[in-house]
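Got some structures for you, see below.
Both complexes shown next keep chain A, but they swap its partner, so chain B is in the first and chain C is in the second.
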Partner chain A sequence: MKNTYLQLAQMVSGALVAVLLGIHIAVQQSSVILGFFGVRVADPLAFSSMIERARQGTWVGIYISLLSLGLFHGLNGLRNILLELNFSAATMRVLTALIIVFGIIFLALGTYAPLVLLGR
Partner chain B sequence: MSSDSEKIVIFKIQRFDPEKDARPHFQEFRVPVKRGTTVLEGLLYIKENLDSSLAFRTSCRMGVCGSCGMLVNYSPHLACHTQVEEFHAKKLLIKPLPNFGIIKDLVPALEPLFEKHKSIKPFIMRQDEAEMETPTAEFIQGIEDLDRYLQFSYCIKCGLCLAACPTSASDKSFLGPQALGQAYRYCADSRDGGQQQRLDIVEREHGVWHCHFAAACSEACPKGVDPAFAIQLLRQRVAARALGAGKPHNPAPLAATPLQVKPRVAVPEFTVKKP
Partner chain C sequence: MADIRPRQNNLGIAGWIWAGNYKLERYLYILHRVTGLGLILFGIFHLTATTVFRVQGEAVWKDTMAFLDNPLFRAGEFLVVVAFAFHALNGLRLIIQELGFALGKPIPPIYPFKDAPRRKRLLTLIIMAAVMVLVIFFFIDFSAGGWG
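And now, the complex of A and B:
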């Protein structure tokens, strides 16, 4: 059943990444989109705008979710492709462990900054 | 092309005799072709008139046995079921089915296909083993029950789907569209009680979740089985089981022994008088 749960998680994470990424891109491009309709807003790409978002729990939650789901979806997908190359069971265990370690490291690196900023 | 006119088509065929050749090579043959000539008829012409050493499989010559699968102009076809005229070309490139080893010339080694098929237990499985060993009656199966799997039962094990599958090309351990399609065929059969065992088999590594849904298998299938569809339906069953959402399946019951047998219509008297 492990493979089925992983695949279901892959599908769900893919759908959620699509939604969260859509929100992220919409926010990043919000000044351009709203500017088209004659509405002026602060540049979302400016450092001050980013810091302001980083101090709001909702945005931190969205970004950490996007990072975690994206990392899981991408790395699980990579593992699925590696499985098709028919490495030995021992090699696959090593590769799986490396993928998990890689994911944990980058999740930690990516969540450290927003959590620190949220605390300030 | 009128029905009487004949033209020459070049058959460029991959040759390989493992006892003589280091690697495959191509040989060209000029084959007279008229309207309705199949690729198989062209190959038989070559074997009978030009080169009797050409090796290929053939049997029914009517698209039901699955023997003559081969790659014609880069796509898998049954040679008996494919007319030369379909390609609108002066030259046909004919190679053995990909994703299989080569025994000789156009004869693929189909053992992987049969082994994978065997691994999914392609037979009706039930708890009542006594009835399976010594059948006493038929199982009741209505038209709706039959419709759920009939399309997938048309598989003739020709191997064209496995040859077309891009996942099978890179992952030799992948069960493949034929085995997975037949796993669904038996799971969907109302007479069968072996779904749990088959789902355990297909959800392992290199099983149902390794299909990328290219659907090249369905495009190649000469019998309209649509194995890509069967794989998606199989995935539904696997996912439903994992989530605890599947409906319980009770295999079709045995037909009751009839209490009263209708008498046969009386056999008419002979109309010819005996001498």
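And now, the complex of A and C:
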């Protein structure tokens, strides 16, 4: 039953990541895309543009949501691949624990930067 | 009585490469897996670059961007976008099929049989065409922005 819910969560998180990552990529490429149509915008990779986005709660919300959902989707996908390799139940428990710890560390690291920049 | 053992047909990672009779859909499954693993690796690299270096201020950020601004990393970035386009749209196909949409009405099993992958082939081809359109779009986009 647990794996059924995980599979459902994998599908839902995948759909949400596709939307949020699509927004992220569109913004990063916006100067080129809009430049093609003759509209000039600031380089999204410039420090000033990045800080401007980092000070807006909406963008911080989008980035933290993308990070959380992306980590879940990626690491649960990795666990699904490992499950197919027929490790013993004990080994799989250790690997699952390692994946969870890895996810928590990267979630903390990825959340720290936007929150620090939001306060600047 | 003969000792009955389960058939040893688990090929492990080697089994990813040989698609047997499953053809296109099985190769898409392998590609979905490979692009997924690639996106995880890139995600870790990207997360490190945008957190550790970003919070250290403008000078470190500019140095990092200058280091990454070369044809090798730009080509890598393009491959990541291509991997994302494929993984996202192929994932959409998998969700549509898993939820039972676009499978057609049930048909009686009359010879010659039409297997499930072939009945879903049209959706697969439409999705792959959409991936190709996105890849061409991003190629033009990256070329317009310069390769480093």
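We take it that the second predicted complex is superposed on the first by the 120 of 120 C-alpha atoms of A that agree within 3 Å, B and C clash if a C-alpha of one lies under 4 Å from a C-alpha of the other, contacts with A are read in each partner's own complex, and residues count from 1 in each chain.
FYI, a residue touches a chain if its C-beta (ideal position, glycine included) is under 8 Å from a C-beta of that chain, and two chains touch if they have at least 3 such contacts.
Bear in mind the structure is a predicted one, so any value in this text is a computation, not a measurement.
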Chain A residues touched by each partner, larger count belonging to chain B or chain C: C
First, second, both or neither for A:47, with chain B first and chain C second: second
Chain B versus chain C as contact partner of A:117, first or second or both or neither: second
Partner chain in contact with A:70 - chain B first, chain C second, else both or neither: second
Touched partner set for A:85, first chain B, second chain C, both or neither: both
Touching partner for A:5 - first (chain B), second (chain C), both, neither: first
Chain A positions touched by chain B in one structure and by chain C in the second: 85-86
Contact footprint of chain C on chain A as seen in their complex: 11, 14-15, 17-18, 21-22, 25, 29, 31-33, 35-36, 45, 47, 50, 67, 70-71, 74-75, 77-78, 81, 85-86, 106, 109-110, 112-113, 116-117
Of chain A, residues touching chain B in the complex: 1, 3-8, 80, 83-86
Touching residues (chain side chain C, partner chain A) in the complex: 10, 12-13, 33, 36-37, 39-40, 43-44, 47-48, 50-52, 54-55, 58, 61-62, 65, 81, 84, 88, 91-92, 95, 98, 138, 141-142, 144-145
In the complex with chain A, residue positions of chain B that touch it: 167, 170-174, 203-207, 209-210, 238-239, 241-243
